[in-house]
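Each of the next two complexes has chain A plus one other chain: chain B in the first, chain C in the second.
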Partner chain A sequence: MELSVVFSIVGGMVLINNFVLSRFLGLCPFLGVSKKMDSAFGMGMAVIFVITLSSAATWIMYYYFLRGDLGPVLKTACYILIIAALVQLIEMFMKKTMPALYQALGIYLPLITTNCTILGVAFLNTTDAPMATKATQESFFLAVLQGFSGGVGFALVLLLMAGIRERLETTAIPKPLQGIPIAFFCTGLMAFAFMGFIGLI
Partner chain B sequence: MSATKEFTKGIWAENPVFVIMLGICPTLATTSNITNAFCMGLAVIFTLMACNAVISIVRRIIPGEIRIPCYIVIIASFVTIIDLCMHAFLPLAIYEALGIFIPLIVVNCIILGRAEAFAAKNNVWLSILDGLGMGIGFTLALCMLASVREFIGNGTLLNYQIISVFTSKANNPNAWVEPIGVFSQPAGAFLVIGGYLTLFQYLKIRRVQKEQAHTQKQS
Partner chain C sequence: MKILIFLTIMVILFTGHWLLAEEANGNIRWETFVIPSVLCLTALGFFFGIGLAIASKVFEVKVDAKAAEINEVLPKVQCGKCGFAGCLPYAEAVASGKAPANLCIPGGNAVAKKIGEILGIAVGEVTAPVATILCTRKKEVKKNQDYTGIQDCRAAMTLGSNIYECAFACLGMGTCSTVCPFQAIVMDDNAMPKVIESKCTGCGVCVENCPVGIIRLTPRDHDVHILCASTELPKIKAKVHKKGACIACKKCVKTCPVQAISVVNNVAGIDYTKCTNCEQCISVCPTTAIFHIRPQKKKDAVSTSVNSGA
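Our next item is the complex of A and B:
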């Protein structure tokens, strides 16, 4: 394994092919939870945590069971069931052993099952589609790394957006733009800014 | 009459993209041109109708506590079917452009949302109509977004050159204005949907104001 592959995965997932700004994954939680800094931070951390574990679990499932003929037929159903079960397990485990963490992240966990970043990274790790890096199909470490850095990218943009929207609360905005429309315009401008990272790698 | 209402509400009054704001991710990702948007819309129409029908049939058998996992399994099966069909019958370029967004229909909030909000409470016939209406509304919204993005971003509609002078210099040396390429890229998608939502919010505010003026005049 070369260091350049690691670097291109991390840089690509956090900055260039950011989940929210360039792959359009996880937009619902992005718009829903970005009103306040605190909740954005909680959601971001919860996503990083779950996405790392779930990319490990789905990769193992893919590598040992779904590489044969069954793969195309069972992939979707298997992944979504693994993720749903995993989120449930994490929730129960956290409640029992880490009450403080559960207090902070608990309410975001059930929402994460339907967050498309989690299922999205499972597919990205194991797909042949041109938008994905093929290296993650063979290496457990790279697959988990891709999940983790995707989560970091999501959390980064969520926190940036929460900062912007907290400021927007106190500014005078024309009535037709208030709420979601102005949030979309801000996201669009942020996506323009992130396009500047394309030359990085 | 109520059957007609269930069918038409998804198309305009409760449009899944512009009014309920569900399923934004595939909406933005697949609308860089109309062909992709339409194929995505067809996939969603099929999944919505089939899932609504099946869930409505088994709604009395599934225990309330585990209904969500059951729904997800049903949805995942239909999405797998549509995924394999599209791989088999669509041109490979379109299938690859839609990419992971076909399997990701599973976590599209519209499908689970309609299953939970409508199919779990109504009979099969109404559920299918509701799914069809919502699906058509979704496809319509996708095509509205895609037509703006394809026209401004590429100067074409359905890959057909509309105005001969609105193209890149490479295609036509006499071109006057070049298309704004960024509109077919991710950043433009946010601006276009932001613009549409602003327009709809403006129309809504104006309607409310008119109604208020009307009632004041009457009293």
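Our next item is the complex of A and C:
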């Protein structure tokens, strides 16, 4: 495995092809949970946790079962099923064995069960589409890495946004723009800024 | 058991896979795509369902039946005002008799009554605290800067110092009023906040958001307060104010019959667990910093004392 592939996956998922700012996935949790720093942090950590595990599970599913002709037909439904079941299982397992972690992440887990970032990375790992790194189809490690760095990218942007929105609360904003509209404006400007990373790789 | 389920899923999926491979070159047909897909997904959903059902038994967390019942009636805002980490820990503590049942402030008396019914015990009144603004900011306190920025106390305080000469003066831009989720704080004509006690739930949002730190939560049944939070030296306070600031003269400390007042950091404070609302301190305070916050009650008190005098 070449090291450059690893770098291109990590850099690409965290900064360049960021889930929120470039692929426009996961906008609902992004705008819903970015009002406060601590809930944004909890949500970010939960997303990283779930996205890593689910990209591992969906990759196994893809590699061993879905590479035939039935694959394109069944992919979506299978991924949704497997992710939902996995998150449920994790929640139960955490409640029993790690109550402290459950207290911290528990409320966010059902929220991200069928979050589009989670499903998005499962597809990205196993697709031929031009934006995707095809190496992840053959390598379990790269697929999990892509999932993890996608989650990191989401958490990063979520935390940045929470910081901005905490500041926005004390500023004078025209009435029609208050709340979600100004948050969308900020997201757009952040997307512009993140476009600057394109030359990185 | 789990291995068995996994094997069955694998067998079914491979069968579907194999069925398809037979007619890979043909057009998409009913029996090549639809039936295997439906079968595969049904099997998958079935086994995930059974798997989760088993897992929910294996990983079941035993919750005390009474605690679960109490948790149901709690408001579940997880505010932590009862002194526990959240609603469920509080419910467990109440169920095991470690905590009184009247600590839930957002739930109020209604929830306390329901908890009492579940446990079959008598429950006392819920006493939510009320927000008190510890500043009277008399007109003689002048502004020492011309602030024209965003009209928000938090924004103004980020510039470094109070816009009034007194470092603990209320800025009067109404942040407490805008953040109050219950509209319980209104700004009066002199740009001073007033707490409407009937609306105040003691949630403490204003306390967190006041950048000067002059809002406190005080017990609802106490109406004698020292309306000054300034920890500056008495000399400086006396220079800026003629009236209204605590100059730490300790007259109230000596007067108080129950030793409820003490001077800490140049400002007197009342221990509300000891205070009996006897009002003796009000008359001795040379700067009128000790104050009745509730004019209504004051009137009542005066009328009763007049009556008893007559």
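What we mean here is this: the second predicted complex is superposed on the first by the 201 of 201 C-alpha atoms of A that agree within 3 Å, B and C clash if a C-alpha of one lies under 4 Å from a C-alpha of the other, contacts with A are read in each partner's own complex, and residues count from 1 in each chain.
Convention: a contact is a pair of C-beta atoms (placed from the backbone, for glycine too) under 8 Å apart; a residue touches a chain by one contact, two chains touch by 3 or more.
Keep in mind that this is a model prediction, so the values were computed, not measured.
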Combined model on chain A where chain B meets chain C, clash or fit: fit
If touched residues of chain A are counted for chain B and for chain C, the larger one: B
Touching partner for A:Ser22 - first (chain B), second (chain C), both, neither: first
Centroid geometry (CA): angle chain B/chain A/chain C, rounded to a multiple of 10 degrees: 90
Touched partner set for A:Gly188, first chain B, second chain C, both or neither: first
Contacts of A:Ser139 with chain B and chain C, given as first, second, both or neither: neither
Touching partner for A:Thr127 - first (chain B), second (chain C), both, neither: first
Touching partner for A:Lys175 - first (chain B), second (chain C), both, neither: first
Touched partner set for A:Val73, first chain B, second chain C, both or neither: both
Chain B versus chain C as contact partner of A:Leu81, first or second or both or neither: both
Touching partner for A:Ser8 - first (chain B), second (chain C), both, neither: neither
First, second, both or neither for A:Met92, with chain B first and chain C second: second
Chain C versus chain B - closest C-alpha approach in the superposed model, Å: 8
Touching both chain B and chain C, residues of chain A: 73-74, 77, 81
Contact set on chain A toward chain C in their complex: 64-65, 68-70, 73-74, 77-78, 81-82, 85, 88-89, 92-93, 95-97, 103, 170-172
Footprint of chain A on chain C - complex, ascending: 10, 13-14, 16-17, 20-21, 24, 32-33, 36-37, 40-41, 44-45, 48, 51-52, 55-56, 59-61, 85-86, 150-152, 154-155
Complex contacts: residues of chain A adjacent to chain B: 21-28, 31, 72-77, 80-81, 84, 114-116, 119-120, 123-124, 127, 129-132, 175-182, 184-185, 187-189, 191-192, 195
Touching residues on chain B, where the partner in the complex is chain A: 21-22, 24-26, 28-29, 69, 72-73, 76-77, 79-80, 83-84, 87, 96, 99-100, 103-104, 106-109, 112, 182, 185-191, 193-195, 197-199, 201-202, 205
